[in-house]
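What follows is a short report on a single structure.
The letters A, B, C and D name the chains in turn, as written, and every chain counts its residues from 1.
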Amino acid sequence: MDKVTTIDAAVSRITDGDSIMIAGFMSVGTPELLVDALIASGVKDLTIICNDAGTPGTGAGKIVDARIIRKYITNHIGLNPVCGKQMSDGELDVTLIPQGTMAERIRAGGAGIGGFLTPTGVGTVVQQGKQVMNIEGRDYLLELPLKADVALIKAHRADRSGNLIFRKSAQNFNPLMATACEYVIVEAEHIEDVGCLDPDAIMLPGIFVDAIIQG
Amino acid sequence: MDARELIARRIARELKDGQVVNLGIGLPTKVANYIPDDVEILLQSENGFIGIGPVPPEGQFDKDLINAGNQYVTVKPGACFFDSAVSFGIIRGGHVDTTVLGTLEVDQEGNVASYIIPGKLIAGMGGAMDLCTGSKRVIIATTHTDKHGRPKVLKKCRLPLTASREANLIVTDLAVMERTEEGLVLRETAPGVTVEEILAKTEAELIVPDDVQVMKT
Amino acid sequence: MDARELIARRIARELKDGQVVNLGIGLPTKVANYIPDDVEILLQSENGFIGIGPVPPEGQFDKDLINAGNQYVTVKPGACFFDSAVSFGIIRGGHVDTTVLGTLEVDQEGNVASYIIPGKLIAGMGGAMDLCTGSKRVIIATTHTDKHGRPKVLKKCRLPLTASREANLIVTDLAVMERTEEGLVLRETAPGVTVEEILAKTEAELIVPDDVQVMKT
Amino acid sequence: MDKVTTIDAAVSRITDGDSIMIAGFMSVGTPELLVDALIASGVKDLTIICNDAGTPGTGAGKIVDARIIRKYITNHIGLNPVCGKQMSDGELDVTLIPQGTMAERIRAGGAGIGGFLTPTGVGTVVQQGKQVMNIEGRDYLLELPLKADVALIKAHRADRSGNLIFRKSAQNFNPLMATACEYVIVEAEHIEDVGCLDPDAIMLPGIFVDAIIQG
């Protein structure tokens, strides 16, 4: 099951209107080559799900610059004034959700959890429109799973079947997003033969991966 | 000593040996500089690790190693990395002993408003909502007034909240205030600052006990 | 060919190249012996890995490597290990293509009862409830009748259910039956077995189309 | 923060009536020395939470044999006829829950999740007494977090601060249970100095561990 392919072939399955999860935290752990190829492919009206908006010219910030986003689901855009301006000017629909809730919603999407209760956001605007449940005297918000059509993933090491190892703080949302999307593309710094990775060191099973490109 | 150093030094004294601590972006990050050598603190970074070390020498950064404030950092021996769901499981699950957070406003009920000024400053809550809600203790690090001299310690926050009733201690350049069942209590005054000056610069109703101390740093 | 080998051989033909498959304890485990060499299946073990390989030679077991049936096994190149929450995230999240499960009873609605006979056999559901509910396709591997000759393919399960309406295909030593919107359809008869014999030994209402095939193994 | 101690000191904090999570799957990944010390300590009326009941004489089966259990929460006792007989005879209160639900409830206990929705168990006896919620046309059960007083954990490698690495299928419930208990004791095959473990290979952060004994 060799999943290594070209970057053009990998992104050619992405179409207008797709929802796309982009891994990384302030561009650390973000697959920059895949982001570039996504923009170059000319797709538009995307829903982007990403921890942040990077900075202008890096990571998800490049997609903001390209103005191909219909909806942005994120938790922090503070280091990208372009994104903030597009939001203030009403040009970009930005939904801000707490980072921990975002991570857990994506995990739930991948793990078949229909929803979960978190205390985060109780008594804030995050509570609006959500069911509040009291469990043993404490209020929780019912949060629903988050899934997407495509995940753009950055790995340190991959074997050709898609088993992945991440490195240091570049791990962040990468393994989570890969479980929650229909089509998962990995930009790997190192591609190795099946059997070269220590089975105890693998951080994401290859069954979640559809395509691998050389990073 | 400038205001920010005073605040950072005072908060460093709140951290106990062996504690897991999350320091927010900006002023809270400076707290790490003032932790005594004989106190071992495990600094958690919500982007996915425990064991933040010093900033690396110029040019010697690792492209895969930043803190949650997007600064290149190092890790100490014994550090470990994990994904964002595990990271916030640690935070939400009550395994962070202390969170230190800057803020726009804080009020006498312990409400915190730190992430947005509608129509003006739109940053996003990042991990702050989870950190305030999940940590065992939340210490707010802030100047006592804003740049226009207006109080930041309020009766009731006016900006959208980061968390409801989660602040436990407020440390400013003028005072240390503790949220209690009875209300917000003035515990310490900064060296050279009078209770009267603090009351004049505070919108919140402050309880002033007989034994207010002078802040040690 | 004995009944169990027949069932295992027939089910092996249902597994397609690249699929993620979970084989239950007992008869389902034998399916692995009959997968063609040119079909690559990834066998998931709910105790925490993907890539089950053959049973090791006598005495060469690894104390830390068993399958969910408590047998020492090996792993194939490309295997990976994970914890139980990740394992059942894979299962519940729909990332297992096919689960093969033995059972006590199965019925025409696709209900499965496999884990308990109250007052008599108390095993526990283990991972079977999650596997039946979460897998894309559930294949039941069972003898057509029990040791007393009583039908195991029923109108309605009488024992406590493992899962409600989750069985997709039932493979026995006599027949292959598929659950459809219209009801349970007889697809294949075992070599030398008549439709009449199957109907006589089946409590469920079986739909018998014109094109019933003879089982290939 | 050196957490290495003696086995007697480690188990001395366990008292009558405690709830105890015991990691392992059919004794693989079960800390046998800690189980022996628990029994030898003479505590009783325990609530035991464990994947299975081991076999008579191994793993959690030894605790069944010792008859010091008030309540057993597990998902499979099929390989321990002693446990089955105690249950049938009404001597042992056994609660059977699905394995995936068990793992997720323990994770929720550690991760501050107030509850979660799973499709597992809908239409079965597992549904009894639970809230059923319909999300986008599918029924789910609301399951609550599971926590305990003590976790008995088996690790392959530990550093003296409690960072742990597990091996092969001995990982199973170990990292989960360590997050969900007040007091966590680790039986480690290898104990190393802080800094000896690769930070990317660590599977459980040391902050969850209270005591380490040599396995």
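To be clear about the criterion, contacts are C-beta pairs under 8 Å (C-beta built on N, C-alpha and C of every residue); 3 or more make two chains touch, one makes a residue touch a chain.
Note that the structure is a prediction, hence the values are computed from the model and not measured.
For chain B, the chain with the farthest CA centroid is C.
If you average the Cα atoms of chain A and of chain C, the two centres end up 35 Å apart.
One simple way to say how far apart two chains are is to compare their mean CA positions; for chain A and chain B this gives 29 Å.
The distance from the centre of chain A to the centre of chain D, with each centre set as the mean of the Cα atoms, comes to 32 Å.
Taking each chain's centre as the average of its CA atoms, chain B and chain C sit 55 Å apart.
Annotation for chain C: residues 49, 75, 81-82, 85, 88, 91-92, 134 touch two or more other chains. Multi-chain contact residues, meaning those touching two or more other chains, occur in chain A at positions 104, 107, 111-113, 118-119, 166-168, 171, 199-200.
Taken as a graph of touching chains, this assembly fits none of the simple shapes: it is neither a line, a ring, a star nor a complete graph. Contact between chains, using the touch rule, shows up for A-B, A-C, A-D, B-D, C-D. Within the complex, the chain C residues that touch chain A are 17-18, 20, 40, 42, 49-51, 75, 77-82, 85, 88-95, 134.
Residue ranges on chain A touching chain C, taken from their complex, read 1, 107, 109-113, 159, 161, 163, 179, 194-195, 197, 199-200, 202, 205-208.
On the chain D side of its complex with chain A, the touching residues are 104, 108, 111-119, 133, 135, 138, 140, 144, 165-168, 171, 199-201. Chain contact summary for the complex, chain D toward chain C: residues 25-26, 28-29, 51-52, 74-79, 84, 87-88, 94, 96, 98-104, 106-107, 118-126, 156, 166-176, 203.
Residues 45-49, 62-68, 70, 75, 81-85, 87-88, 91-92, 111, 116, 119, 122-130, 133-134, 160-165 of chain B are the ones that touch chain A when the two sit in their complex.
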